[in-house]
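In the two complexes that follow, chain A is the common piece, with chain B as its partner first and chain C second.
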Partner chain A sequence: MKPWLWLVVFVAACALVPVFGNNYALRLATIMCLYAGLALSWNFIGGMAGYPSFAAAAFFGLGAYVSAVLQSKGLPIGVTWAAAGLGATVFAALIGMAILHLKGHYFAIASLAVVEVLREVVNTAEDLTGGGMGMNIPLPGMPVDVQARLFFFAMLTMTVLLLAVTIVVSRSKLGFGLRCISQNEDAADILGIDTTFYKVAAFCLSAFGVAVIGAIYASWVQYIEPPDVFDILYSVKPLVMVLLGGLGTIFGPVIGAVIYLALEELVWRNFLTVHAAVLGGLIVALVLFLPNGIGAVIRDRTKRAAVRS
Partner chain B sequence: MIYFQVLANGLVLGGLYACIAVGFSLVWGVLNVINILHGTFIVLGSYIALFSYNLLGIHPFVSVVTAGAALYLIGHAVQSTLVNRVIAAPVLMTLTLTFGLDLLLNNLMLVAFKADYRKLVLENPLGQLEIGPVFMPLDRVAAMGLALLLTFLLYRLLRDSRIGRAIVAVRMDREAASLMGVDVSRINAVTFGLGAMMAGAAGSLLSIVYPISPLNSGMFLGKAFVICVLGGLGSVPGAIVGGLALGIIESFGAIWFGPEHAVTISFALLILILIFRPAGLIGKRGFE
Partner chain C sequence: MTALLELRNVSRRFGGLVAVNDVTLKIAEGEIVGLLGPNGAGKTTLVNVVTGVHPATGGQVLFEGRDITRVPPFRIARSGLARTFQIVQPFPKMTVVENVAAAALFAGRAEGMAEAFEAARRHLDFTGLGDAADQVASTLTLAKRKRLEFAKGLAMNPKLLMLDEVNAGLNSAEVEDAMRLIRKIADSGVTILIIEHIMKVVLSVSRRLLVLHHGELIADGLPEEVTNDRRVIEAYLGKRYAEKAGR
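Now for the complex of A and B:
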């Protein structure tokens, strides 16, 4: 029951932001939910199944563009978000069946190439997407502060949904199978786990979450262009957050997202021109000194304390 | 007749591409590390050539030596102080480490050199080469020749020298090499250094072809990826085949589908080859 309790605490804490916080806090909380959602989504394939996927940016951009194109055709905003999620899930199933038999670096590169191809396809499909000009997404016609709240709650709902799915999956046969695959895929196969199905399922879950978040993001910022939503950083940031919080854990991705956002805000504010360098330095330090995430350090501390007493 | 010109362009480009990819392929094959820094190393080599030419009047073909040497030292230092610490960790860790280093180095270069595209303009170009219907600036042909020569020298180094044999041994079997008395972590550093050296040399040669900016590093890295997958990993002949293939594919793709699709074509090709021939076009896992 413990994870569900933490879930409620997390939701309560987030829901208080629009009540007490100012607009800056609300914006920050929206980004936090966005990051946490991305990290949770990536965790299915990258953390649980142990497949180093860089496809998140592809799903993010795909979701953003599916939703934007449908909105420009006059569909209601909620429908376009759902369509974005479903579209990306189907796309991920097809791509996943093709590239998930690759291992290690090869899989990483294939998933990276998916981002590049999609970006260029969107870039050249000018009739539908406006190409490099980007797309303006019509306003739903409501006051700005109401909008800000709406998108915050949309992001929060999605994050909570992903967190709930994570809890369910990690206790189900699927989660068990994915952990087996990440430890030893051949052994898992011999034990009778349908590895292809499990991997594709994890990839689809990951794509669904990222795409819906991308769709909400597009409606939130109201202008998208290919280099923005297919930015490879959308693939890398979730990875860093999950590494920070702990691979394959339930709350690790959320904790990682919160820490990452805090660092990013501090770095952006204080080192504008060299913020990428500082971020790079942080990543290097993370890999060298905290390879198992901050969660592991805390767990070790508590264990050691328990042993001592 | 235009096809001869397109083919010639593709071959010249391909020779340079081989030089871009061979160091990347070596590091990937021997160390099992995807070096995201490779593109930034290439751009750094270009800047060394640019400043040497503009400030000291040294021709980029001569700067190949200094750029190569400087990048060797950087690469050796990066591997021996940082990457060697996590060399045994899973794929994700080394990849993330070099990604972080790339963010760091690329950002510092942006601050130091600005994002402007600069062009190295040779004061005394070598003129035109003319064979039948094909025209080609001699400088580019010479750059391609040098690129292939460097790649060939690396090949001989790996085959004939003691250190080269040790690198190949580590590539084949890390533990066995270690038991035979090979200092594996030193070989790692030398290999990474050689990879960076080839990047620096390639960057110096590319400075007369491409505009120079830190923003180009991603493009070079992408090409190195595609070439490695095309030609197969960790082999010098593979890099040459992959480089020439990519050069020709890009040239013809630009003619047939338009230059804006060149990137899409090469990456779509990459995915297809990964699906159907993961060991590359040559099809064997090379050790040299």
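Now for the complex of A and C:
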């Protein structure tokens, strides 16, 4: 019961931002939901199944472009988002069957290659995507502050959906099977788990979440180009967030996303010229010294407090 | 005799090495069969061939008359063929009961998580691990980890259970316990193939022995026959022992 309670608390806290916050706060909250959604999506394949995927940027860009192209053809925005999610799911199923039999570093590299290949494809398909020129996807006839709220609530809805799916999956046969796979895949196989199916399912869930978030992002910023949406940082950030928050846990990805965003903002303000280096150093330090994530520290603290009282 | 498990001219190569060489055998329902052989004889490979982990490179494997030579391991597991690992393979970060519940859920008959955990606790009590149910698997002693392999195998609800050196590394009291457990499992109607180094241990439970040597099946029969077979004594106990025995 407890995870659902936290979910409600999370939603309530987020929903208050547009009521009380200014535009800056709303923008930050939107990015926070974007990050949390990416981290939750990555957690299915990276945390639950234990496969270090770097394909997130591929799904992010794919979702952004599917939505942008369909929007430019005049389809309603919500339809293009759904299409982005479904398209990426099918794509992930096909790619997953091809690369999920690889282990460890080999899988990581193969998943990274998917990003490069997709970026090149989008670069080349100029008729459809504008190639290196990028795509403009204006949203006419809507005041700016209404738009800002619309996209915030879209991101929030997606994050909440992903959080709900995480809770359900982690208690289901699928989540149990994925945990077995992440701990000992050979034993899982011999115990009757259809490992290929389970891994592909996790990869598809991950792709769906990332792609819809990419699609909402494209509509939000209204201009996309390949180096922006196929940026490898979209693969790296969710991984770092999940490591920060706690691998394979339910709320770890959300906690990690919040911490990451806070660090990013702080460092950005105080170390404008060298922010990337400072941020990188901080992250390495955190991951090294807190291998189980900050979520684990909080859990231990509360446990110890409970024992003492 | 309709065999539960049948191997027809089964071979398995690893590159140039023939780990299992043209093995033909049958195991009937209800038997307890011992599989013996010196280090590197191909015993574990034979189990891997049957369970689909390393599919045969030649010949056929039939389970209940069905050809399973090329069937993937997870399907073979679900059809009632379970094995334990010589090198124990728990899910290290899960509790003991979770480990067993996984077996019950994915290969056994359990419908849903609740039923799987219920079945798991039953199997833990049966194998004498009930008290360790909520312990994390990686913290178990070797003897208990071996027991966990038993419990997992049983939870899969097998028709045939293959035990790969479940006694290795145990002291004699622990071995006694394990053998008692094996007899109990056999009494519950499970056919058993028990792989062992130590002949004495196998003799206490099985009335039929198979001996592998360099991948070949060099003997198959009653313990009295097999233990007096010169080739077996030579291969298994060494030439010197064979000469002594032949004297």
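Some points to look at:
Methods note: the second predicted complex is superposed on the first by the 300 of 309 C-alpha atoms of A that agree within 3 Å, B and C clash if a C-alpha of one lies under 4 Å from a C-alpha of the other, contacts with A are read in each partner's own complex, and residues count from 1 in each chain.
Throughout what follows, a contact is a pair of C-beta atoms (placed from the backbone, for glycine too) under 8 Å apart; a residue touches a chain by one contact, two chains touch by 3 or more.
Remember, predicted model here, so these are calculated numbers, not experimental data.
By the touch criterion stated above, A:Asp189 is placed in contact with chain C alone, chain B being left untouched.
Judged by the touch definition given at the top, the superposed model places A:Ile99 against chain B, while chain C stays out of reach.
In the superposition on chain A, contact of A:Gly177 is made with chain C only, not with chain B.
Looking at the superposed arrangement, the partner reaching more residues of chain A, out of chain B and chain C, is B.
In the superposition on chain A, no contact is made by A:Val69 with either chain B or chain C.
When the shared chain is aligned, no partner comes close enough to touch A:Val122: not chain B, not chain C. Contact with chain B, but none with chain C, is seen for A:Leu239 once the two complexes are overlaid on the shared chain.
Shared interface residues of chain A, touching chain B in one complex and chain C in the other, do not exist. Listing the residues of chain A that touch chain B in their complex gives 46, 50, 52, 98-99, 102, 104-106, 108-110, 112-114, 116-117, 120-121, 123-124, 236, 239-240, 243, 273-277, 279-284, 286-288, 291. Contact residues on chain A toward chain C in their complex (touch as defined above): 171-173, 176-177, 179-180, 183-184, 186-195.
Considering their complex, residues 51, 53, 72-74, 77-78, 83, 85, 89-94, 101-103, 105-108, 112-113, 152, 156 of chain C touch chain A. The residues of chain B lying in touch with chain A in their complex are 28, 32, 34, 82, 85-86, 89-93, 95-97, 99-108, 110-111, 222, 225, 229, 260-261, 263-264, 267-268, 270-271, 274-275, 278.
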